[in-house]
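Following this line, the structures themselves.
One chain, chain A, appears in both complexes that follow, with chain B as partner in the first and chain C in the second.
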Partner chain A sequence: MTGWVLMSQFLSGLTTAMIYFLIAAGLTLILGVLKIMNFAQGGIYMLGAYTCYTFIKAFGGTNSGFWLTLIIAPIAVAAFFCILEALLMRRFYEKVALYMLLLTYGILIATYDMARMIWGWIIKTAPMPPMFQRPVAIFGHPFPLYNVFLIFMGFFMFFLIWIVIRKTAWGKTMRAAADDREMTAALGINVPLVFTSVFGFGAWIAAMGGALVAPMAGMAADMGIDAGIIAFIVVVIAGLGSLPGALLAALICGEVQAFGILVLPELAIAFMYLVLIVVLIVRPWGLFGKPITIK
Partner chain B sequence: MPQKAKKGFLARNRWLLIGVAFFAVFPLWTPVIWIHLAAEIFIIALFAMSLNMILGRGGLPSFGHACFYCVGGYTTALLTMKLHLHISVAIISAPVIAALFAAIIGYFSVRLTGIHFAILTLGFSQLVWAIAHKWYGFTKGDDGITGIPVPAAFQAITPYYYFVFVILLVCLILIRVVQNSPFGNAIVAIRENRERVTFSGLKVWHHLWLNFVIAGFFAGLAGSLLALLNRAVFPDFGYWTKSAGAVLMCIFGGVGVFIGPIVGAAAITLLEHYISIYTFYWQLALGCLIIILVISLPGGIGGFFQDRLRGREEKRRTPEVP
Partner chain C sequence: MKSKMVKAVLFSGVIIVALMLSSLSDVSYAQAKKALPPIKIGIVQSLSGMVSDYALEDLEGFRVKIAEVNDKGGVMTKEGRRKIDLLVRDDMLKPDVAVKNAKELVLEQKCDFLVGVISSGVLLAVSEWCKENKVLLWGWDARTHHATQARGHRYFFRSSGDTWMNGHAAASFWKDQPFTKWGFINQDYSYGRSQFESFTIAMKKMKPGFTIVTEQWPKLGSTDFTPFITALMAANPEAVYTSLWGTDAMTFIKQAKGYGLFEKMKVCGLFWGMPLLRPMGQEMVEGAYCMTEYPFIYPGTPENKAFMDTYKNRTGQFPSDYSVLGYNAATFVLAGIEKAGTVKTEPLIDALEGISVKTIAPAKTITIRKCDHQADYGIVIGKSKKSPDWPWFILEDIQVIPGGPTMRACDEITAERAAAKK
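On to the complex of A and B.
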């Protein structure tokens, strides 16, 4: 029995970790290429969840409706943030990072209230698609099928992002622009367009995280505030701009939280912050980051 | 400038003195609710000023400053409620305890810069918040501590207003003195060029640490004052959104201007207060306003006016060159 308790705790930690990873992956991409701390990331995640809710309802809660939603909802949210980036943020990359921070914080609290205006103040839950409404047996014990699907999707998204960054021409351009903006522009590449697309891609990943979480947990407008900060923690533990690091750090955070509940239920949230503090004191540049000089 | 040197103290600080005089007579004709709001703004302004010692002067974006605010508030509450100590002891020990926390957190944090510094301070402050939030036996958890006994003199809001006002003025003078001292200049030098300061033989780490502790001290004092104003403390004093809000106030008012954080604190608190009268969705309005402000006034409100004033004086001083 205790073996199964540990196992189920491990699996639920894995589920949480995948959601953390999806928010953090978009954040680390935006941070790595655009060099901005995007506070709005949590808001994007929250909008992804709400948009998914609306689309699932519109399609009548069918299986095919769910798959269609997973394709449409994140793209819709990403398109919205692409427009925001082009209209508001584009002109500020050259300015001090602090103003960028203020701007994304403004966008975060604006989206927060926008969601409450559109979807109301009551906690909403999207209907679970029928094909996932049954448990699977893992070592003879029932476990929700949807959680298994979510864990699978987390790893799938990791490989997808990895291939896009490493193997496509666009990924190459993106990495070039991250390394040297001016040189890339001098080679005739439209750098502002690359930045907008990277921001959109990052937003798409976070919105996908939100959409995947929608049928599983209740959603409220403030879900993005905590999620955004956890994403920052994951990114910093990982080392800025590192994708495999983000996966590992998300796994650590998710598991520490899941097992922390077993040990000390009251202080389960505190464990993650402890891990963060220890990592930053021992290895300030994160698990996978490039060492920085410490004075 | 010879012209500037001739000007007396009164002439140089006329706007400041007008402001002080205005707030000194402010409670005489205004309704109680405004006095309460003004006292709250003073406290938040002190909190934002203390943050700006790290953020604006030191150039380190702290996202865990609310921790010291929270510690100050809880120190006052626990000392008066559990140990039944005199209120003066509770007020004095709050900043001291907060400074102790700042010494521990700063010891690890000031080695880092940029986002790493931001997230490490955030981690520490969230840890303190989690403990205050969940340790029911000691801090009463998320219910907070209510009913802090307040001496008879502070029962009415007006005497307390003056008390806060005087403390704010004294703290502003102290912060000004610290900022204008060789120590304060060294902090700015470290912000501008850390390597050069290191090579010139200054101990960078010690300076930043001490600066962090001083900032924590003033934040603790602000937390203690707020606890007495509300007669209650809640763990959410130390939640990261409070820290982010203070960062927002500093940038909004202008990090490069001495009274910038005060302007920002007043502007944001008033906006929150007045927009929330008309609509539930005050955050949407505030968010849009922030976006507009960032686009139109980079440098904050304070920076904008400072540039205007400076520009005017410079125009007066320097003759037009064809």
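On to the complex of A and C.
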């Protein structure tokens, strides 16, 4: 195993980890603040990818078109889900948790059919923007420039979300509403509006993930289902609601798989689940989660 | 009380109108009774998910042929011409759903026989059910060779090639090339495993010095292939054999390009034909060895041109290898019905064994072998190349590999089936 082999495997694991993180980050936010298991998260990711595809093509596959797409596409998808949240989901916060689960699952299935209706059956891929079509040399070996961009964006998104939650007034309001809904409402804050904005933010993160993945992968309407499962595994390993946990969990999953397949390629399909099993046995509340105490 | 009466009157009024309307259709049915009831073919196919567009093309190709025959009044049987109705069900790539579909189509809808399946995993499940229930299943696409070898039986026929043939066809080309160190990347499920098995068994027989330097097994529908690509390259193969298809093939190619993989080693992609080249468009890479059953502009025969035009008029798209599979499947079942004069299972099966039909696709005729009910479908290999005439890449240096020699010997299959029964 030469140094480059290990380095390139580490970097490719990092790429995978960033994708996992982007899918999971929105879910963990929604889970932490709104306390709902959003089964539709994978569907939002998928719609983000498809919307990115449409915009990139509409802008003629240019570099500037790509940047514009990254600004517009996730916001468009998030806006759609904000409306969905206000119309449908708002009614279920106060009800039995099972109803909300069923609703988000129903939304997931609906997004799948929506994608097929709007974009058709045929598999697609978004054209890679011209500026990323050349590799960059890392220690003399070619490494795709887009992967570098993706890794950077993963960390950038982490810090962005962290700052929003911890340092802005909006973030404070989010955390207050999450901790104590009644008290926050009693203080005159429009809690339903806060919840919608949180859901929208979570959706924006997922859609951004989808948009970033679109030029480097093929897309089919069922990609959301696989992504949703990944999101759940990462969030459970992380500890429900923990953002740094989600990053760490994603990194662990990405690197375990990347190095695992060097040694045991036959088990490729299993690595992520093995990490999950180990965590559930050793620390079932997740890496950064808190053990449930009986009050 | 008054509203109750109104409701009662309205209700009975609706019943009376309904009865009148149904008796009207009784009248027209009595007149139409002279026509024979249509033949019902049940189709089980994976219409959802990443295999959708291939699956739909199988179906469209089949429909085009059935429409041709229905336009003439139907297929000729002993009783006269009978039209054909197709009842289509989506198995969602799930074996249990497929078996449920099969039961519904045969037991409730009274279909005369079943056609279909694109997923190998699904095929084995449905084939088992058809064997137990003595229902004819015509396989048009799902390729695991186990379905006509160890797990084959009287009630299953396949008009497409299978994974055994694909691997041996590829080996018959690659044995003449100077590469012995091979890397593999395939989806970790029944199809991927069968293709890997088949090519490696064939190469071990045909190529001295053949070594597997690495095998990578990404999950079906993986979002990210990067670690698999770097692991593949780390092992330094001279050539890579892959049966990746659909979005996985697209993702692999797009990501591998960035690593310069295609410059470092030869890549042979099984079934990297139109269904991949078309959606890839200009994102495709040049110089990949693509194996496909229907390389678009080849062969340039009048029959192919006629088929292309009919298909394009009906669906708005150019046909792909999958459309041809569907078309050929329909050609076979229709020829069998005409030969047997009936759709009754046992005589139809007897008629289909050994039948030959003229086809679109590299070979002019295809035959169903009696011992395993497998068609001797050929394949071509060519190198991908940008084209000034089309928005997608085409293939150059095309070589046809006939199906017959790539099939497994009958006595080996019989022996394997006997061993499986023990």
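The rule is short, and it goes like this: the second predicted complex is superposed on the first by the 291 of 295 C-alpha atoms of A that agree within 3 Å, B and C clash if a C-alpha of one lies under 4 Å from a C-alpha of the other, contacts with A are read in each partner's own complex, and residues count from 1 in each chain.
Criterion: a contact is a pair of C-beta atoms (placed from the backbone, for glycine too) under 8 Å apart; a residue touches a chain by one contact, two chains touch by 3 or more.
All figures in this text were calculated on a predicted structure; none of them were measured in a lab.
Once chain A of one complex is fitted onto chain A of the other, the partner contacts of A:F92 are limited to chain B, with no touch recorded for chain C. By the touch criterion defined above, A:F66 reaches neither chain B nor chain C.
Applying the stated contact rule after C-alpha superposition, one finds that A:A220 touches chain C and leaves chain B untouched. Using the contact criterion defined above for the overlaid structures, shared-chain residue A:Q9 touches chain C, although it does not reach chain B.
In the superposed model, A:Y273 makes contact with chain B only, not with chain C.
In the superposition on chain A, A:F55 makes contact with neither chain B nor chain C. Contacts of A:Y105 after superposition on the shared chain: chain B is touched, whereas chain C is not.
Looking at the shared chain after the overlay, A:I229 reaches chain B, while chain C stays out of its contact range. Overlap of the chain B and chain C interfaces on chain A: residues 116, 266, 269.
Within the complex formed with chain A, the residues of chain C that make contact are 47-50, 52-53, 56, 188, 214-219, 221-224, 226-231, 233-234, 246-251, 254-255, 257-260, 279-283.
Chain B meets chain A in the complex at residues 61, 108, 111-112, 115-116, 118-120, 122-124, 126-127, 130-131, 133-135, 194, 198, 204-205, 240-241, 244, 247-248, 251-252, 255, 280-284, 286-291, 294-295, 298.
For chain A in complex with chain C, the residues that touch the partner chain are 1, 5, 8-9, 11-13, 15-16, 19, 116, 121-125, 127-128, 135, 142-147, 213, 215-223, 226-227, 230, 254, 257-258, 261-262, 265-266, 268-269.
Residues 31, 37, 39, 88, 91-92, 95-96, 98-99, 101-103, 105-114, 116-117, 225, 229, 232-233, 236, 240, 266-267, 269-270, 273-274, 276-277, 280-281, 284-285, 292, 294-295 of chain A are the ones touching chain B in the complex.
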